[in-house]
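Chains here go by letter, A, B and C, matching the order in which they are written, and residues are numbered from 1 within each.
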Amino acid sequence: MTMVIRNNEGFLEDASAWTTDIAREIASEDAIDLSENHWEIIMFLRDFYNEHEISPPSNRLFVKAVKEAFGEAKGNSIYLMQLFPGTPAKTACRIAGLPRPTNCL
Amino acid sequence: MHTLHIISKSPGHTRFRECLGMMGEQDAILLTGNAVTALADSTITLPETVYALQEDLRARAIDPEQDISGQVTFDDMVSLTIQAQRVISW
Amino acid sequence: MHTLIVIDQPPYGSWGGRESLDMAFSLAAFDQPVSLLFIDAGVLWLKQGQEPGGINQKSVERNLAAASIFGVESLLADTAACHRFGLNEDNLINGVTRIDNTGATLQQYQHVAFSG
């Protein structure tokens, strides 16, 4: 495992310490093999965080933000759930090295 | 009731004054949190329809000497917000 | 029911404002109409060029730029307060509507919640 500090839920303590290798490692813990479609969302989240200094705080807002950027085809919960099982916003932010969405249980 | 003003700030807070300033004739005020101390303060004049949250009074050992419209429970508070046409939480 | 959240305190000094922002985003997440109104020193939330990294906080200026993406309907600011704090077209963040009569604006909303 790459030496990087993560909290008890597996989120990076420092978003700037993130690398694509770290993303692959975290994804593999959830048995996710990262495809182009995953990377598109991951890089979108990274950009979103750099611009707004916030992860989309909930799943619904994650879906809204993706919809705003990529349209209905990708900005829907089924598509995002298939890419990032569980709670998509949480899973995706964890892999993207971003803080835990504040309002996700 | 037209507007229910829910205030949680103590009478010394500027928002308490602003709240009283915006009270219309058909409005009611509900004191919560530190605002209930207004009922222990003899220098404060409150409008006609005043409610106060029972648990906040009890927590501070305040027994309202002034005649108030009612001490309310949390459930009553919910009912009041539904009865009101508008709610302002100060 | 349209909710108006009013922020009258400057950013960073307390958590109240951030909680209100969170409340606005949560209402928007469930497609409940919500707007934010900045009055008094609260208008400082809207000033360009905030760099709160040195006090270990995230920029509310940057957070607010996400408000419309999340579905917050409008960012309103009291004109007199903007004037008092030297805010104008050149140093206000994008997407702010200035209003002249705060009292009348408050009357337009069925649900008004002051921050903190």
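Please note the rule applied: a residue touches a chain if its C-beta (ideal position, glycine included) is under 8 Å from a C-beta of that chain, and two chains touch if they have at least 3 such contacts.
Only a predicted model underlies this, so the values are computations on that prediction, with no experimental measurement involved.
Novice: Removing chain C only, and moving nothing else, give me the connected sets of chains.
Specialist: Connectivity without chain C: A | B.
Novice: State which chain is most central when centres are taken as means of Cα atoms.
Specialist: Chain C is the most central one.
Novice: Using C-alpha centroids, which chain lies at the maximum separation from chain A?
Specialist: Of all chains, B has its centre farthest from that of chain A.
Novice: Per the centroid of Cα atoms for each chain, what is the distance between chain A and chain C, given in Å?
Specialist: Chain A and chain C have C-alpha centres separated by 27 Å.
Novice: Approximately how many whole Å separate the CA-defined centres of chain A and chain B?
Specialist: Whole-Å distance between the two chain centres: 45.
Novice: If you look only at chain A, which of its residues touch chain C in the complex?
Specialist: 48, 51-54, 56-58, 60-61, 64-65, 68, 102-103
Novice: Name, in rising order, each residue of chain C that touches chain A in their complex.
Specialist: Interface residues on the chain C side: 22, 25-26, 28-30, 58-59, 62-63, 65-66, 69-71.
Novice: Can you list the residues on chain B that touch chain C in the complex?
Specialist: Checking each residue of chain B against chain C gives 15, 22, 85-90.
Novice: Mind pulling up the chain C residues that touch chain B in the complex?
Specialist: Per the touch definition, chain C meets chain B at residues 8, 103, 106, 109-114.
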